[in-house]
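Below, chain A partners chain B and then partners chain C, in two separate complexes.
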Partner chain A sequence: MVSMDPSIWIAAFFTIAATSYAFRDNVVFKFAEYTFIGVAAGHQIVMGIKNIRDYGWTKIMEGQIIYVLVFVLGIMLYARFHREYYWMYRFPIAFLVGNGVGISIRAAIHSDFIVQVAQTASTPLIGGGAMGTINAIITFVGAVTAIFHFIFTQENLHEGTLGYIPKIGRWLMLLAFGASFGNTIMSRFGMYQGRIIFLLRDWLQLV
Partner chain B sequence: MAILTPGRIVPLLALILVWVAVYIAINMGKEGKIKVRRIAGLDAIEEVVGRSVEMGRPVFDIIGMGTFTDSYATQTVAGLSILNYVAGLSARLGAELIAPQAKVDVMPVAIELVRDAYNVEGKLDELNVDEQLPYLSGTQFAWASGIIGMAARRRPAGNIMIGPFWAESMMFAETFDRIGAMQVGGTARTYQIPFFAALCDYCLIGEEIFAAGAYVSGDPAQIGTIAAQDWYKLAAIALSIVGALLSTVGVNIIAELLSR
Partner chain C sequence: MDYKRDIPLAITFIVGVIAIGDYYTGIEAVTQTFNVIKNWGIVLQGFALGLGAVNLFRVHGRRLSARKEGTDWYFSGWLLLMLVVFIGLGLVTGEYEQGATYSWLYNAIYLPLGSTMYSSLAFYMAYGAYKVLRARNFDAALLFITAVLVIFGNTPIFPAIYPGFFHMREWIFGPIVSGAYRGVRIGIGIGAVVLGIKTLIGMETGYLGRR
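For the complex of A and B:
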């Protein structure tokens, strides 16, 4: 017995339409593509209006006048469409960029630099049995040589005998990428299996 | 409340040192004292655009769907620098550039950069912004399906993807590979690099995209920050080696100092 739920039929149609691209570009895929883009645009507009209402207008109505600033900055973004007042558009962009960078910079220094160095520096190269020692040495060599690979302004570090160090780093990174690639492919297969199970169980009700 | 919080003293010092290092490095960059080494993938970009001209088919340049306000802003800036470079090459050599956009705050900057590049080459009248830099969607997979559809119909000869990418990276790399486009891919998003490494003809790994962006832009500020980062990387190597050796003999002083 096939499902009688219209939402299941719609989901099944778009699953098949999207998958049909695997064979070649066709009118069914085009329909799914344009529908997806259209729906996404509509959803974005609705969410945008909702955000303006929830995080701006409601606050002003509650007496928090500072939120007028949000509207002023938002309206200034549209100044880019005006030939004369084009420059005003730069202020909200500068605010957005400065805000984003300010929030992320401390975390970047802490998590991307200090924590990483502390982890590498605190791992003894010998200990934990033979496998532990091999693991520690591979991790240490991988970390140091990979960082070496990403030095761009000291050309002498990439020449002669020293040039082998970044090459080792590159090969170790490629090994890691291979493992990551395999892992992700497996998870994508899992997602696709989910769609196949949906078609067979929820739509066609065969399993 | 204490002014200096335990566990945040070293990050504060590191931050101050970053400011100083970047300031010094930018000044050195302005004086032309810093040179960024050439990256293999960069030479390939010219080859990609040249191939598009020879085959009479478009070249795609995708900068990802990062914004200026997220933590991937630097990758977006690198992608924009490359877009400017590709636009200049396309205008000079006569290739049709297509650069679909996903983010409303990045799009005007991308348009200005492409317009500027065409203007420098005296080919501004050949640029059609609506056709060449279309806004598709700010939603990840709607944007991805739009690009996949465009790629299938336009069959570009080349594709350059440099910037922040998420799960759509494999879809793009696979699609463009399937239609026979020559590809240069690069991102600093660790989980997406393997897809570019596996499917692109040339791959820029991680921070290579920043160096590439700085290299093609010639901007002393960007080149200076690359140099400052290099100094930090050398410090990281030194601290890691000394710390690991000391840790092996039971002295864990480096990690303890860094945790303050």
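For the complex of A and C:
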């Protein structure tokens, strides 16, 4: 018995339409593609307006008049479309960039640098049996040689006998990238299985 | 002083320093200022999304009004209609994404399309893998070996035939991936900090756009 729910039928149609590109570009896929862009943009804008209300308008209503300034900055963003007043668009963008850069610097220093160096330094190279020792050495060698690979200020580090250090780093990184690639393919296929199960179970009700 | 460029550069510096200062100083006044900055950032992102919508209307509105043959202009009209419908449904009811009709459309259109578009990239990745991962040289062979072993380890049938595939996958994600990625992340961290400092002190000004 096939599902009688119209929302399931619409979802099934768009699932098949979005997949149809795997065979060749076609009108049905284009319809799905444009629908997705329109809906996704619409959804993001609705969420954006909700955020403006929750984090800006509500504060003004509570008497925090300083929040009027962010509305002025927000309107200045639209100066981008004006030839003469284009420069006004730079003020809100500068604010967003400063905020983003500040947050990313503190995150990078902590999670990408301090935590990684501390983990590399605190893992004992010997212990946990023969396999544990081998694993610890590979991990350490991988971390150190990968860093060597990214040192470009000293050209002689990439030449002669020393050149083997960044080369080992590159080989280990390639192995790691291959693993990540394989994992990504499998996770995408896993998601796609979810869509197939939706078609068979929720739409066609075969399983 | 060129106020059109210097004031934005000063804004970037001050906001960035407050964001970093909040994390490292723990001073109450700095934290409170940063909380306001965070809220402002969220509000400005909302306005920036509107900028994207205006751009969509400009690009697709132009295509729709030109109605040139072979440009699929009718799809542009459909895109704008869906955009307006979603914004209208979200705002008119005042319930945003909580509205009954809105969430019905969201579940019927956005969710299946989003997950199918995202997951069907697997086909292109598999095709790309076929073209790229042919072991033409030593480097490509390294990529190929671990990609295949991880795929085998993730598939139920191969570990069922030989359980070693599963253990090999686990081992690859142990010392090899964590070791190499640790080096990569340290490199990324240093790069992000250097680029961030260059942006804060005004050595990177690309985001300000044309002169």
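The rule is short, and it goes like this: the second predicted complex is superposed on the first by the 207 of 207 C-alpha atoms of A that agree within 3 Å, B and C clash if a C-alpha of one lies under 4 Å from a C-alpha of the other, contacts with A are read in each partner's own complex, and residues count from 1 in each chain.
Basically, contacts are C-beta pairs under 8 Å (C-beta built on N, C-alpha and C of every residue); 3 or more make two chains touch, one makes a residue touch a chain.
This is a predicted model, so every value here is computed, not measured.
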Check: Where does A:121 make contact in the superposed view: on chain B (first), on chain C (second), on both, or on neither?
Finding: first
Margin query: Touch test for A:51: chain B only (first), chain C only (second), both, or neither?
Written below: second
Note to self: For A:1 in the superposed arrangement: first (chain B), second (chain C), both or neither?
What the structure shows: neither
Next item on the list: Based on the superposed arrangement, let me know which partner A:130 touches: chain B (first), chain C (second), both, or neither?
Entry: neither
Checklist line | Partner chain in contact with A:19 - chain B first, chain C second, else both or neither | finding: second
Check: In this superposed model, does chain C or chain B come into contact with more residues of chain A?
Finding: C
Check: Just chain B (first), just chain C (second), both, or neither: which does A:152 touch?
Finding: first
Check: Where does A:31 make contact in the superposed view: on chain B (first), on chain C (second), on both, or on neither?
Finding: second
Margin query: Going by the contact rule set out at the top, does A:99 touch chain B (first), chain C (second), both, or neither?
Written below: both
Next item on the list: Mind sorting out which residues of chain A both chain B and chain C touch, each in its own complex?
Entry: 18, 21, 30, 32-33, 36-37, 39-41, 43-44, 80, 89, 93, 96-97, 99-101, 104-106, 108-110, 113, 116-117, 119-120, 140, 143-144, 147, 149-150, 170, 173-174, 177-178, 180-181, 184, 188
Checklist line | Contact set on chain B toward chain A in their complex | finding: 10-11, 14-15, 18, 34-37, 39, 67-71, 73, 105, 108, 136-139, 141-143, 145-146, 148-149, 152-153, 170, 190-191, 193-195, 197-198, 205-208, 211, 223, 226-227, 230, 232-234, 236-237, 239-248, 250, 252, 254-255, 258-259
Note to self: Please output the residues of chain C touching chain A within their complex, sorted ascending.
What the structure shows: 4-5, 7-9, 11-20, 23-24, 36-54, 56, 72, 75-76, 78-87, 90-91, 96-97, 102, 104-123, 125-126, 129, 133, 139, 142-151, 154-155, 171-190, 192-193, 196-197, 199-200, 207-210
Item checked: Partner chain B, residues of chain A touching it in the complex -> 18, 21, 24-25, 29-30, 32-33, 36-37, 39-41, 43-44, 80, 89, 93, 96-97, 99-101, 104-110, 113-114, 116-127, 140, 143-144, 147-155, 158, 170, 173-174, 177-178, 180-181, 184, 188
Check: Which part of chain A faces chain C closely enough to touch in the complex?
Finding: 6-8, 10-12, 14-15, 18-19, 21-22, 30-52, 55-56, 59, 66-67, 69-71, 73-75, 77-78, 80-81, 86-87, 89-106, 108-113, 116-117, 119-120, 134-136, 138-147, 149-150, 169-186, 188-192, 194-195, 198
